[in-house]
Amino acid sequence: MSKPRVAFFDFTSCEGCQLNKLNLENDLLSLLELVDIVEFREAMDDKAENYDVAFIEGSISTPSCVKRIYDIRRRAGVLVSLGSCAVLGGVNAMKNLHPADWVQEAVYGDDKYLFPSIPVQPVSAYVKVDYEIRGCPMSTPEFLHVLKSIVLGRKPEIFDHAVCVECKLHENECVLDKGMFCLGPVSRAGCEAICPENGQYCTGCRGLISNANVGGAIHMLKRHGFSEQEAKKKLQMYSSLNKLINEAECRHA
Amino acid sequence: MRKDLNIDVHHLTRVEGHGNIVVNMKNGVLEKAELDIVEAPRFFEAMLKGRNFMEVAIITSRICGICSLGHQIASLKATENALGLEVSEQTKILRRILTDGATFQSNTLHALFLAAPDFLSVGSVFPLVNTHKDVVLAALRLKRLANDIGDLISGRAIHPIRCVPGGFTKLPGAGDLRTLQEKLKTEGMNDLRFIVDVIASLADKIPSFTRETEYISLTSPEEYAFYDGVICSSDGGTYPVEDYLKVTNEFVVSHSSSKHARFNRSSYMVGALARYNNNHRQLHPFGREVEQKLGLTAPCYNPYMNTVAQLVEVAHCIENSIQLMDRLLTNGIKFEKPNQTPSRYGQGIAATEVPRGILFHDYTYNRQGNIVAANCIIPTGQNLENIDDDMKKLVPEIIEESKEEITHKLEMLVRAYDPCISCSVHMLDVEFIEE
Amino acid sequence: MENLAQHAEDLYCPEIATITRVETLTASEKRFEITMPGNRPLNHKPGQFVEVSIFGFGEAPISICSSPTRGPSFDLTVRATGRLTDKMHLLEAGSQIGIRGPFGNGFDPQDFKGRDMLFICGGIGLAPLKSLIDYTLDRRNDFGRIIILYGTKNPAEILFPEEIEKWQQQTDIEFVMTVDQADEQWQGHVGVITTLIPPLELDVKNTIATVVGPPVMYKFVLMSLKGKRIPDENIYLSLERRMKCGVGKCGHCQINDTYVCQDGPVYHYPHVKQLEEAV
Amino acid sequence: MNALDEKLNRFTKYKISEQTLRKFIDYLKQQAPVFAPHHNGEASYSYECVENSAEVVLSYPRTMQPLKKYFLPPREVLLNFNIKDNTFSKPEIIEETRIFFAVHSYEMASLKRLDYSFTQGHVESNYVSRRKYAIFVGISYTPDESHFSKSVGIDVEETEGFDLFLLPVGDGYFLLEITDTGKRLVEGFPGLAAPDTTEIKTEPLQFKSKIKYHHNRLPAVFDHVYKSKVWDKYAEICVGCGTCNLLCSTCYCFDIRDEVDLDAEHGTRTRYWDGCMLNTFAEVAGGENFRGSLARRTRHRLYRKFKYITAKSEMLHCVGCGRCSHFCPVGISMTDIVNDLITDYEEKQNKEKI
C-alpha cells in the first residue's frame, strides 16, 4: 500500500488543533513513516493538487471560506473535520446568537463593511464530512486513532457516550459534588475527561451526546444551584447551533 | 533599474493564520508594500457578552491556540484586578513557570520549525528529517520538553485547564516537578547548546537589513519581564499598564481585518527583539551564553534578528524556570483553594509578555460578576504597521534582486515577526449595553 | 474459586484459521469457506455462530451457513456492513482469520425427525438457515416435507444462486421465492415474504417453522403463522444482536433475561414470545 | 442475644488499638500488596495500593469505584496482536495474593455476585486469575443516607466472604478471625495480645430499612411492574450519563475494541467497562436500537439487579452500596425507584382485588 497523501487546512479557528499536531513530537517521525504530508500551511510551503485525506480545522464564516471548502472537498478522498469549530461551529458560532450588524459594528465601527462575515457554520453544513474529530482542542490520541484507522482502511470508532463514562473510568472526584458547574453528564466523550481530571469542569467542547436529554440536563444543573439561564448559556458555549439546546425548556422546578 | 514589480503571496505559509503579502511598484514608485490580513474575523466580543468571570479565561484562551496560555494569564490577571482577587505567591510562581514554558515552546516552534527551513532553503521542517535528523530530533525533544512544562502545570499545553481566577484547580506533584527540572538542566540545556551551534553556523543566511524603530515591552526592576511589569518604550519613558490605550492608539486599515497600532513614531515593534533591546541586561547567564554564540548585541535594529532573540529567550526561560522550580520545591507545594470571592466589581487591566510581544486584556464586570466591557490588544496587531514600514524600506533596497529572491526575503521578514494572525483579528474593544 | 479455576478458559483467544475459498454472491455479500487449523471439524450445530476476528479490525458474530454434515471446513456468508466485515470482503483465499466458537444455541435437528420443515428466510437470514436446510437435505429421509420460502428486497440480492437452482429442480423440496421489488428480468413472485404463507397447505400440527430475517420481518411472519394456526411450540426463530464476547459476559446481546449468545441465537418461540425487546 | 451477635461471638477475636491496627497493615504489606480506601479529593474515596499505612482511611462512606476494579479492571488488554503476521499473545495475569483491607460488607457481597457472573456458563480465566488468591479484611461502617444494603439483606457486620473482620469498639477495634487464612495472617503478627473474650453486642437497627418491602418480596414486585409508568417518570430527568452502571459494584458489561500502534502493525484488543444505560449499548447492525429510550434502559438496569440474574443466581444483584444514587448527577435514588414501583404494584394488586 502506498502512503496516503494527507493535507491539513485551516478555516476560522484558533489553529490550536493544528498546533496539537505539531506537538506530537514523540510520534512525528512514526507519523511521517505512515503518511505523506502534502499540504500543511502552518508548517510548510508545499501545495498539492489532490489528497487522499484532508483534515479541516475551523468553521466556515466568510464567503471565501465557502469557496475554499468546496474546492478542498473536490480534491479530497476522505474529508475529516477536526475540532469543535469544524464539527460544531464551536465558540465562533456564539456570534450567530447576536444580530450580525451589532457584532460587525462592535468590532469595526463604521468600517464594518470592509470585512464581510456570514453566519458561522460547521464544515458539514457545506460539504460531506466522512469523519469527525471533536474537542477544543482536538485530542491527539483521537486524531492518531482516526488517521491510523484510515491508513488501515477501517472506520474509526467515534464515541457517543457521556464524559461521565470516561471520568468514572478515571475515578475522578465529581466536580458537581465539589459545587462546580459541569456538562460532563450530557457531553460527548473521547477526551478521557481531561478537564475534570485536572480539577476543572467539563465545558462540553465536544458537543452533546446524541439523543441528549437537554431538559434533564438543565434540571440537573438547577439542582446543583445554577440558574436555567446560566445553564443554557454554558450549554451554548460550543453548541450554540444545537437546536435541542436553543429550544430546550426545563419542565421541572 | 527595475521599474515595475508585482508580488502577491496568497496565504503566506509557516505563519499562524491567513495573510497575504502585496507589493506593487509602478514606474519606480512603490505604490504598495503591505501585509494583508485576510483571516476571518471571529468576534470574540459576541462570545464574551454577559459571560461570568469564571468562564472568561476559558473563552479568551480560544482566541489563539498558539498563545492560549498567554491569553489565559493576561485574562486571569485582568479579571483578578477587576474583582480584587488576591493570588498567592505559589500561584504567581507557577504562572511564571508557565509563562517561561510557553515562551520556550512558542519560540522554539517558530525559530526551529517555521523559520529555520528558510536558512536551509527548504519549504518545511519535514525534508530536514532526512538531511539533518539529529538536529530535528534535538529540536523535537526541546519542543516536547517545553510542552511538558505546560502539561505538568496547567494540565494541557494548548488551552490550559488548571489555571482559573484566583489560582489553580490542581497542582503538580513535587516528584514530577523535580524530574522535569532535572530534564531541563540536562537534556534541555544540552539540546539547546547543540542547536545553537548549528544555527550559529548559518548566521550568514540572515539578511542584513536594519531599520531603527520604537521598541515596546514590559519592563521590571526585578527580572527580564514576562509575567509582570510596566510598559517601556525604547524612545524613552515607562508607563503604567493602565495607560495602555495611550501607547497602542489602534486604528483600522482597509487591507487588514486586524487593527494596527502606533505610538511615538509611525509604527512600533513588540516581541522578542523589543524585549531584548529593552531588557537585555537582565538576561540569565545561559541567555548571555546563547546571545554571545549567536552574535546578538543590543540595541539591534534588524527585524530578521527577532528569530535569534527568540533563541536567546529560550535559554533565559529554561534557566528561569529551573530557578523558579527550586523556589517551589524549597517552599513545598501546598494545595490552596483558588480565591474566587470578589471583593469588588469594576474595571481591571493587565499586561503580560507573550512570545510575540506585549498583550493587554481589559475587562469591566458588573455586580453579578458578568462582563460588561472588554478590550484586548494583541502583539501581532501592534506589529503590523511596523511590518508594512519595514517592507517599504526593504523593497527599494533589494529591488535589483530577482523577483523570487525579493519574495523570499519579504516572506522571511514577515515570518521573522512570528505573526499570530488568527490572534490579531480577535480584538476586543467594545462596551456592552447592559440589558 | 479454586475448584472453578480448574475450568477457567481463555475465552477471548481466537484460533487462527484459514480462508480456503471466497465466492462473491451479491454486490455486498460474499461466502467464505473457512478451514480450522489441522483441518479439524468445527463441530457445530446448525444455527450456531462463530466470533470472527481480524486483528486491528475487531470481532463480529457471524452465523455458520453450512451444515455440520459437510466439512471439515465450514462456510460463512458475510455482508459488508461494518469495520470487520468490510475488511473481510478484501481478503482472498489463503488469508488467515481468527475464529472463536462455535457459540450459542443452535437447532437440534434430531428433535425435528419425521416432521415437515417450513423454512422462512428473509434476506441474509437465508445464511443461518441454510445450515439447517443443508442438514435436512443431507438426511432427507429423516424429515417429511421441506418447504423453503425465501424473500429478498430485489433480485440482485438473491444469495446462493447455484444452490437455489438445485433446490428448484429437486422434486422433494418445495421452494418458493419472492422479491419486494422486481426488475425487468424478474419473472417470479413479487411481494413481501408474508404473502407466500397464506397459500400454503400445511399439516400444521406436524410442521416445524423456522424463521430468520431482518428485525422488522418477525412480527409480520409470526402473525401470518398464527393465521395458519401453526402452534407456537412448532416455531423457532434466530435473533440478531450485537454479541461482543459470544460467551455470555459482555451484556450487549441481552434481551430481557436472556443472552442471545447463550440461549440463542436460535429460540423456541414460546421462550421469547413474552419478551418485549425480542421481536 | 440476637442471631447476628451469636454468630459474631463464635469467632476468635482480639482487641486492637488504631495505632496497632496500622502496624498490622504494615505487617500485612510485608506478606502481600495491600489495597485499602484512601482520600481522593475533597470528599471522595478510592481503593489504592497502600504505600503508607497512615494514609489508609478506616471510616468512609463508600469509595467511588467498587472493588471490582481489581478483578475486572476499567480497561484491560485482552490480547496483544500483530496485524502483519496474524499472531497474538495474551498478557500474563500474575496470580498473586492480594490483601483487600477495610472492605465493607456490601462490597464483599458484590464480589460474590461477580463470582457468579464470571463463572456461570463459561468460567473466565482473566477474572478467576485475579480473584483466586485474594484475601479480604472487612470492616463495619456507619450507613449514610444512600446506603441501603440492609434493605437488600446484607448486614453492616456481615462477615461472609471475609478472612478477617474489624468491629469498632471504644477507641479501637475487635479483630475477628473468620477463616483459617485469616487466622494464619494474625498468627504471624507480633502486636496482638491474647484473644479477647468480651461479648460483642452490636447496636440493633443501625439504619432503617429504606425499601418498603422485605427483599424477598422484590422479585415478585418485578413480575408486575414491567409496564409501569414509573419508568417514564425517571426517564424524564435521567440524562443517560451511565454513572450508575459504571460505578455499580455488580455491573460487569463491557465493550471490546481493537487499537493499533502507529507502526500500523502491532496493536491491542482491549475491553472497557460499558453500561446498558448508554444510548448505543443495545444498538444492532443497521442502527436499530432495542432500548432506544431512557425509560427502557432504566427498566433494563433495574430488572438486571432485581429479577433477571436473580432468578438464576438466587441472589439480588443489588447490594445496597448506594453508589448509583450517591453519584447520580441528577439525584435519582435507587430506593425511590423501587419504592415507587412497590406503590405501583400495590395499586395494581388493589385494583385486581376490586
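Chains here go by letter, A, B, C and D, matching the order in which they are written, and residues are numbered from 1 within each.
Quick note on the criterion: a contact is a pair of C-beta atoms (placed from the backbone, for glycine too) under 8 Å apart; a residue touches a chain by one contact, two chains touch by 3 or more.
Fair warning: this is a prediction, and the values are worked out from it, not measured in the lab.
Novice: Note the shortest touch-path length, in steps, from chain B to chain C.
Specialist: Between chain B and chain C, the shortest chain-hopping route counts 2.
Novice: After chain A is dropped from the contact network, which chains belong to the same connected group?
Specialist: Ignoring chain A, components are B | C, D.
Novice: Select the chain at the greatest separation from chain B, using centres from the mean of Cα atoms.
Specialist: For chain B, the chain whose C-alpha mean is farthest off is C.
Novice: State the pair with the higher C-beta contact count; candidates are C-D and A-C.
Specialist: Of the two interfaces, C-D and A-C, more C-beta pairs touch across C-D.
Novice: Report the most central chain, judged by the distance from each chain's C-alpha mean to the global C-alpha mean.
Specialist: Going by the distance between chain centres and the overall C-alpha centre, it is A.
Novice: Could you tell me the distance, in whole angstrom, between the mean C-alpha positions of chain C and chain D?
Specialist: Centre separation, chain C to chain D: 39 Å.
Novice: Report the inter-chain centroid distance for chain A and chain C in whole angstrom, where each centroid is the mean of the CA atoms.
Specialist: Chain centroid spacing, chain A to chain C, equals 42 Å.
Novice: Return the distance between the CA-based centres of chain B and chain D, expressed in whole Å.
Specialist: Result: the chain centres lie 52 Å from each other.
Novice: Can you work out the whole-Å distance between the CA centroids of chain A and chain B?
Specialist: 25
Novice: Quick check: what residues of chain C touch more than one other chain, meaning two or more?
Specialist: Residues 56-57, 82 of chain C touch two or more partner chains.
Novice: Spell out, as numbers or ranges, the residues of chain A touching 2 or more other chains.
Specialist: Where chain A meets two or more other chains at a single residue, that happens at 152, 157.
Novice: Going by the touch definition at the top, which pairs of chains touch each other?
Specialist: So, checking each combination of chains, I get A-B, A-C, A-D, C-D as the touching pairs.
Novice: Can you list the chain A residues touching chain B in their complex?
Specialist: Residues in contact with chain B: 10-20, 22-23, 25-26, 28-29, 32, 37, 40-46, 61-62, 64-65, 90-92, 94-95, 97-98, 103-104, 106-109, 111, 114-115, 117, 136-137, 181, 194-195, 197-200, 203, 230, 233-234, 237.
Novice: Looking at the complex, which residues from chain D come into contact with chain C?
Specialist: Answer in residue numbers: 78-79, 81-83, 86-88, 90, 115, 117-126, 128-129, 131-132, 226, 252-258, 260, 267, 269, 271, 274, 276, 281-286, 288, 290-291, 296, 300, 303-304, 307-309, 311-312.
Novice: Give the list of chain D residues in touch with chain A in this complex.
Specialist: Within the complex, chain D touches chain A at residues 40-44, 46, 64-65, 69, 74-75, 83, 236-243, 246-247, 257, 259-264, 272-273, 275, 278-280, 292, 294, 327, 329-331.
Novice: Write out the stretch or stretches of chain A touching chain D in their complex.
Specialist: Going through chain A, the ones touching chain D are 27, 30-31, 33-34, 144-145, 148-149, 151-152, 157, 160-162, 164-165, 168-169, 171-174, 176-178, 182, 184-186, 209-213, 215-217, 219-220, 223-224, 251-252.
Novice: With touch defined as at the start, can you tell me which chain C residues reach chain D in the complex?
Specialist: 1-2, 4-5, 7-14, 16, 53, 55-59, 81-82, 96, 98, 214-215, 240-242, 244-245, 247-252, 254-257, 262, 276-277
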